[in-house]
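Worksheet for the structure shown next.
Letters are used for the chains, namely A, B, C, D and E, taken in the order the chains are written, and counting of residues starts over at 1 for each.
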Amino acid sequence: MTVTALPGAAGRSRRATLRRNFWRGVWRVLRRKPSRMAGVAICALFAVMGVAGPLLYPAHLPRDDDALYAPPSLSHPFGTDFEGTDVLALVVTGSRYVLLTGLATAVITVALGTAVGLFAGFRRGWQDTLLMRLTDLNLAIPGLPLLLVLSTVWKFESPLEMGLVLGLLGWGGIARAVRSQTLSLRERGFIEAARGLGLPTTHIIGRELLPSMAPYIAMNMLIAVTGAVYAQVGLFFLGVLPFEANNWGVMLNLAVFSGGALTTPAALPYLLAPLLAILLLTLGIVLVVDAMDEIFNPRLREE
Amino acid sequence: GGAAATDAGAEVDVYTTIDGTKQINASAPINPFNPVGSVFTGYNGMALAWARNHPTDPNRFYPALARSWTQSPDGAQVDIHLQPEARWSDGKPVTSEDVRVSIGLAYTQGGTAYALDPKAAGAAADVRVLDAKTIRVTQGANRSAAFLANLLSTVVVPAHVYGALLPRGFWDTLKVAQHDRGPAGERAKAVITGLADKVIAFSPEQDVSAGPFVLERVNPGAALLRRNPYFYNSRAIGPDKVKVLNYTGNEQIWNYLISGQLDNAPFTSVPAAVMERIRGARGSQVITGYSPVATSLAFNQSHKPYDNVHVRRALAYLIDREQVTRIAAPEGGTPAATTSGIHAKAARAWLGDGFAELEPYRLDPAKAAAELRAAGMKLRDGRWTMPDGSPWKVEIHVPASFSDWVSAAKSISSGLGDHGIDATVLTAADYSLYLSELAKGEYDLGFWLIGLGPSPYNIFQRLFGQANGWQMFGGRLTHVPPGTGGNWMGGPRTVEVAGEGLVDPGELTSRLNYVSPGEQRRIVGVLARIANEQLPAVQLWDYVNTQFVNTSRYTGFPPDDSEMLRLSSGVWMQLGMIRKRQP
Amino acid sequence: MITGTAITKTFRQRGGVLGHREVPALRGVDFAIERGGAVCFIGESGCGKTTLGRIIAGLETCDSGEIVIDGTPMSGLSPRRRRPYFRRVQMIHQDPYSALNPTRTIHQTLRAPLALRARQTGRPKPWIDARAEELLALVGIDPGYVLPRYPHQLSGGMRQRVVIARALTMDPEALVADEAVSMIDVSLRLGILALLRRLREQLGVGVLFITHDIATARYIGDESELYVLYRGQVVEHGPTETVINEPVHPYTQSLLSATPVLHGLERPGPDRIVPTEALDERHGDAGCLFARRCPLATERCERDRPVLGHDPAYPTTQRHACFHPRRRQVIPLAAGA
Amino acid sequence: MTRATANRAGALARRVAGHVARGLVMIWLVATISFVIIREIPGDPVLAMYESMLQKGMSPDQAERATAVLYGFLPKGSLWEQYTGYMGSLLHFDLGRSLSTPGVEVTSLIGSAASWTVLPVLAGTLLSFLLGVTMGVYAAVRRSGRLGDLLALSGSLLHGVPVYVIGLLLTAIFATLWPILPSGGPVDVEFTPGLNAGYLGSLVRHAVLPVVTYTLASYGGWILAMKSNVVTVLGDDFILAAELRGLRRGIVFRYLARNAILPLFTILALSIGMLFGGSIFIEEIFNYPGLGLLLVNSISSRDYALMGGTFLVITIGIVVANIVADLLYSVIDPRVRSGGTA
Amino acid sequence: MERHLTAPGVRIRGLTVVYNTPSGELPAVSGVDLTLAPGTITGVVGESGSGKSTLALSMLNAVQPPGRISAGSVEIDGLGDVVRLRGEELRRTRGRKVGYVFQAAQNSLNPLKTIGAQLLDLGRSHDVGDLRALVRDARELLGRMGMDGARVLDSRQHELSGGMRQRVGIMFALVLDARVVVLDEPTTALDMITQATILRIIREVHDERALTTLVITHDVGAVAEVADDLAVMYGGRVVEHGPVAEVLGAPEHPYTRGLIRAIPRLSGDLGLARALPGRPPTLGTLPAAGCVFRERCESSLDLCRTAEPVPAARAGRTVACHLPGPHAVPVKRKEYA
């Protein structure tokens, strides 16, 4: 039996190769269907919009006092709003708040749901029972109505707060699913083996359990982003959230309730622009979710 | 549905309208004492008389169940003469007893004319039936100029339906409640107010109306009324049926109007584009008239820097009211000519030439800058800061559910931004929340209704009343410090007025209740000047009573600026106006 | 080195709000294994083999009875204090497909426990990778090929070897191999068995071999002992070769008789007894557990339960729990003989 | 055999009892939480009513008269007293009296609103269920084809798109641009309620847009769920086994469909429960007088009793749906029904 | 019911089945010739992935996508070439003429329906006029296999044990009086005693009903117990085929030899047993040219690298190997191809 001492670099380069292979695999998965590429492109577009969008425009969007609710034209592809501000500019600059909330919510929802689900599934026993009752409660409380009630108590002053509340309301589903996944993974030999080897719990959860659930969690994350965007835009639409100068939901609200977009076609572009943005975002995320399973599954990634 | 409506309308004449004051609630009882009851003023709900829409005089009425009335010269006693032909929809005549029972029921509800507290200004002290068609009501010690108006607006219900609600000995109990100062009086008061719930919840099986219509059916979407053959002026009534459509938001009314479904819609705010479509609908007409309400942006003067009148003036100079109105209420409002606390039309009547002397606060950045400098504010890198150099951010609060206010606030903030003042719009989730936070003094600037005419007391009580610290307690005026008792405006208790010296505007306002017309005119002049100079609020726009009618089925609607415009089309019919269009 | 005395385990299954159903999985099992020794447990499905294995590996606790590792009784220790002892007993799972994390390469899989081991023993970092390769070489696979791969890229046999290598990272004193070869291709089974034998011989690792296929038990090496489990009870115990060649208990004999005969190479033993099929196990716990299926059962068997013990008629190394002991020649004989 | 049946019935009864007990605890918890939250909401209902009457052009005196009486309806006493009172009356199924519709029992308001919610929710859910399930089977069977792909994509998209987007688009199209359907309201008032063609026709015409919105909004979920179930079942051995036994295609299809639909029934029960609360957007957009709208209105008018009651009823809907789903599952799936470990 | 006591023969000729994989169409069964003599049980053994199940499915022309039969024929007496059958005709053949017992008979029953209901579905699908008689037959068959027929017909899958399900599977394959029966891994996942019972039942029913039976398994022992003839598959080829005793007793192909040596056995010399070296091939790793076994073969020739050996008759059987056999005796008793 030959024992060759490997220099430490070997491990590092092995990891680098692994990473390279991973990205190559991702590329392969994406290339398999053109629709996935489109999805990634759309998501990237929104990401860029959220990050750089507001920088493209002056802090105070220009208004044209003589072009209130102007129809679509070359200079205003989606017309203007009640103040004569370009609707496209509103959609672009408004994306940051919307996406940021979406992201914050998704992170909180998924983190909380995963943590609760993992803990309950991993610990079992009374902690499990308690957490699951809590989850049941969370699921039994109707979210939207509660949000309506909460919005009168809580001032959602930042996207983060918004995300926190939406996240606190929405973790139940993920927790339950993660728990059942954890329970089934626990039965798999490799988790038991890790415990038998005396590996620390952090390792078992962080390195063995979580990666196995990664596609599931990532998918939920994306879905949570959309869910949060919808809940939030919806609440703005209902008018229960504090006014934000450029926000898709506020646009919907003003288009319908003060522009009469559902009554006359004049304000229709003002209504349709955010609706189309939401549709496009959904499409992008749906297409990316489609590829998620294959990206995280080494077997599917390689072939 | 529009198509279905016209189908059904082929056989009978259905007049379609909406009730501007409440939403239809199919669960609510057919009971005018219930705030959402299925009783529609002017159709199946009748008062003694209908108030005219006069800019300055609250005591002008069209006769209704009261054919006429006489008031003693000192205003203490009113004799009411009922319509001799008036009958309920079950054929029984309308009598003085009906009026007395109605007044008795009104006592259980509380109110100005029928307050249990005998010291309340304008409370009725005695009710006496003179004969079957005549009744006399006497005012208590604290006289009020609004007594007649309040009395004549009394809603009349049939004694044979509602009479049982008043327990035996009710009138004796009332006397005790009004006059006994001891525990017996308190007990009697409790007995009477204790009836309130029962009265409100009272739900007659079917409608018994003395109006031109009687309720046939109500569902969550609409109420249907049919003609009351016993109505005293039945011949004047054109339509066979009236359909009152429900709505939850203005946009629904717009849809109804565009599709030509409504024969009349009372005051509704409408965006310009929608207005164009409505005007385009066949037979559609817009009537405008006086509406004694104005919107203002009010300051919380206990918050810095709004305690400084220069800052308030500077902001007034920077708000382009023309533009704001164009954006927020293009059809429903006219930009306020100045800030007087009074709707411009009433203001001209009250102030005459004095109106022109008020500072108009036209958009003027230069004056604004001067005022800001006078207030010690500093200009740094093109942005105004507080005197100590800390940033200044104007936070404009509005309730999220009022989209015209939201648009206005947004427009104001954009305009202020253009002139170097950082401004944001903050919304409250709903009106309840908005009002309670406003009352708690949490806002710097908030939207606030003012100029509620025609009674001058009502006008100025919005600026120098409870919201600004002056409260009426048992007929006595007190002043509470800012932040307590709903005093959120936080203005000073007294102000220097040129030519008047130090005055207490709240005290002046309360005096409007009972002084002579001449004195009223003088006080209004002073208060308008205070409002204009001290600027507790910046008047933004005066509402216009924009009504919509459709003349393709009915004609004879009131003209622009008619004194009838704030009354429902049911009243118009009573007055013999609405006629079926002849083919 | 590891002994177990009177180990019992009863599973309580929830059946609604109030009702519990009790499943006795082990009913007082004794065993002992020496350093480098081998112990085989055989029995039908559901007789408690896995449960026993998991208890020995510390993955489950027993209701009563005592596990003693290196002279230290486990029942007195807190779970935390128990852990270092149980780390000396590593489990090899039946299913090499699920025993390896599909999202981790073999290198990652081996690194984690080795890093832990390095920390425990104060070894330097480079030791980890070196040791990983050493272990893979020890279990007979090419480290260069295997290390960067994901489990799905390996054959069943290789995977099982990786699993064994992983168990060896903790320098265990004993391996619990639960059906370690039953999911591996026939052609490769002997390879794994030989590996286990070699580990016994070279590293002095004790092997607890759990199987339902008695034939494989032979291949675990010399001096192994065989325990025949039936419904949570040991019904026969002795040196593997002795029990196979001269079984005493009718249950052992049934099991052996059920083993197929390779016609052409073997012919059936003369005393094969026809095994009766499993009955509904919820019936009767009184008397001999096997009585209902036993072709030889008498009234006494229905009444009393025989205990595992020595029988003067047989060598001291062999014990059984039967009222009607008789040696039978049931295993297939070579065809030529 | 009878013994076994009795045992089975006993097990089921125990199960039901357990579920109901847990459901009651849940309802109590939710009631408490909502009670506390709702009582803590700032806002003065009477003032709000007064001010909005002013804005509608009522004179201050009239407005005062109309609102003065409401002070009597405001909850009084300490929070604890209110709580015990509330819980006590809950036990008698008494949810108190409404503030925004003074003098009317909350239960009767909720009752009439619930009937308006149930109608479109049930119709929409069942319609989308049928549609989604059929299309889901199709998408699964044709999953390698273009049409199957398209169906699945449409499902994901519709599942992802928020319901108000669908509702707004539908209204914009069918009530604004091409006005062939009423844009709101539950029914025309001219028609005498009852079983006459006019009334029912009007009911249906008004329900079309809300129901279509419900249908489109939940259709995506069904098609996705059904597709994945069918794909799973298709991979199950018994389908291949049935084919290898030469069973008729129709029978094999029935095997497939029944096994794939089974888990959906529980989701169906759940989603019907959920929709009571989720109908807010649709009811808001279409002005449909259901529970969602009732809740929104009760919040803005600070009608504490109504708010709490509606919230509670919506929650009870969900809890009951949970219980029903669980029981349904054990009733229709023989593997669970026998209650054993199998 | 009168039975024709002549069992049909089955001739598979040049059967090639390919699976469509990302790396193109790869053959899982290539050019297999196999003759099932009427009235015999033929066992097919081979490692996992050697194409056994694919072969079995081909007998019913039921290879599932992405696989397809790309060449060859399966001639069944009285039926013609099954590979040519389509649509209704094919459906009627399945179940009625050729019975199939599924690899995982554990899960081959609809979980929601009782066995009886599924039996009626079967009857209706094949236009059985007298459903009562069908049920009677089924009950009889189940009774024959040692079960309470009435109770079983009333049960659902989850109420039956593994062995019972397997027998129900056999009942379904036989109840319409199919004369050719294919059993894919009939005893996998069953324990020893149950396996023995099932094997016995297969043998008995086969004899009673004059069937032609194909038993597929990876367990040489199980085949040896029941089969008359034995076919050994490797990498999609039948490498050796002959009477079971002869193939086991004197294996000709090096793979067969290695396989038999690798089987753990209850008797015999432990030292002689050895695992086959290397890994079982998968679709992707099969050599493109030459003998598929050459990489694991201990005595491979140069020739093996280039030329694929053609199956040839020798020593009373067919062998596909370049190595010269010990005694080249022509096939006498039966035809093996």
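Please note the rule applied: a contact is a pair of C-beta atoms (placed from the backbone, for glycine too) under 8 Å apart; a residue touches a chain by one contact, two chains touch by 3 or more.
Remember, predicted model here, so these are calculated numbers, not experimental data.
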Chains most often in contact, by C-beta pairs: B-D
Farthest-lying chain, centroid of Cα atoms versus that of chain E: B
Where chain C and chain E are represented by their mean Cα positions, the distance between them in whole Å: 32
Rounded Å distance between chain B and chain E, as computed from the means of their C-alpha atoms: 92
Cα-centroid distance, chain A relative to chain B, in whole angstrom: 47
Distance from chain D to chain B - Cα centre to Cα centre, in angstrom: 39
Per-residue multi-chain contacts in chain A, two or more chains: 152, 256, 262-264
Chain D residues touching chain A - in the complex, by the definition given at the top: 22, 26, 29-30, 33-34, 37-38, 40-43, 153, 156-157, 160-162, 164-165, 168-169, 171-172, 175-177, 183, 274, 276-278, 280-281, 284, 292, 295-296, 299, 307, 310-311, 314-315, 318-319, 322
Touching residues on chain C, where the partner in the complex is chain E: 44-45, 155-158, 185-194, 212-216, 218-219, 244-245, 254-266, 275, 277-278, 331-335
Of all residues in chain A, those that touch chain B in their complex: 60, 63, 65, 68-69, 82-83, 151-152, 239-243, 245, 253-254, 256-260, 262-264, 266-267
Chain E to chain C touching residues, read off their complex: 47-48, 146, 161, 163, 191-197, 199, 218-222, 224-225, 244-250, 258-260, 262-268, 270, 273-276, 279-280
Sites on chain B touched by chain A in the complex: 249-251, 254-255, 258, 270-274, 276-277, 323, 326-327, 398, 400-401, 403-404, 406-407, 409-411, 413-414, 417-418, 424-430, 432-433
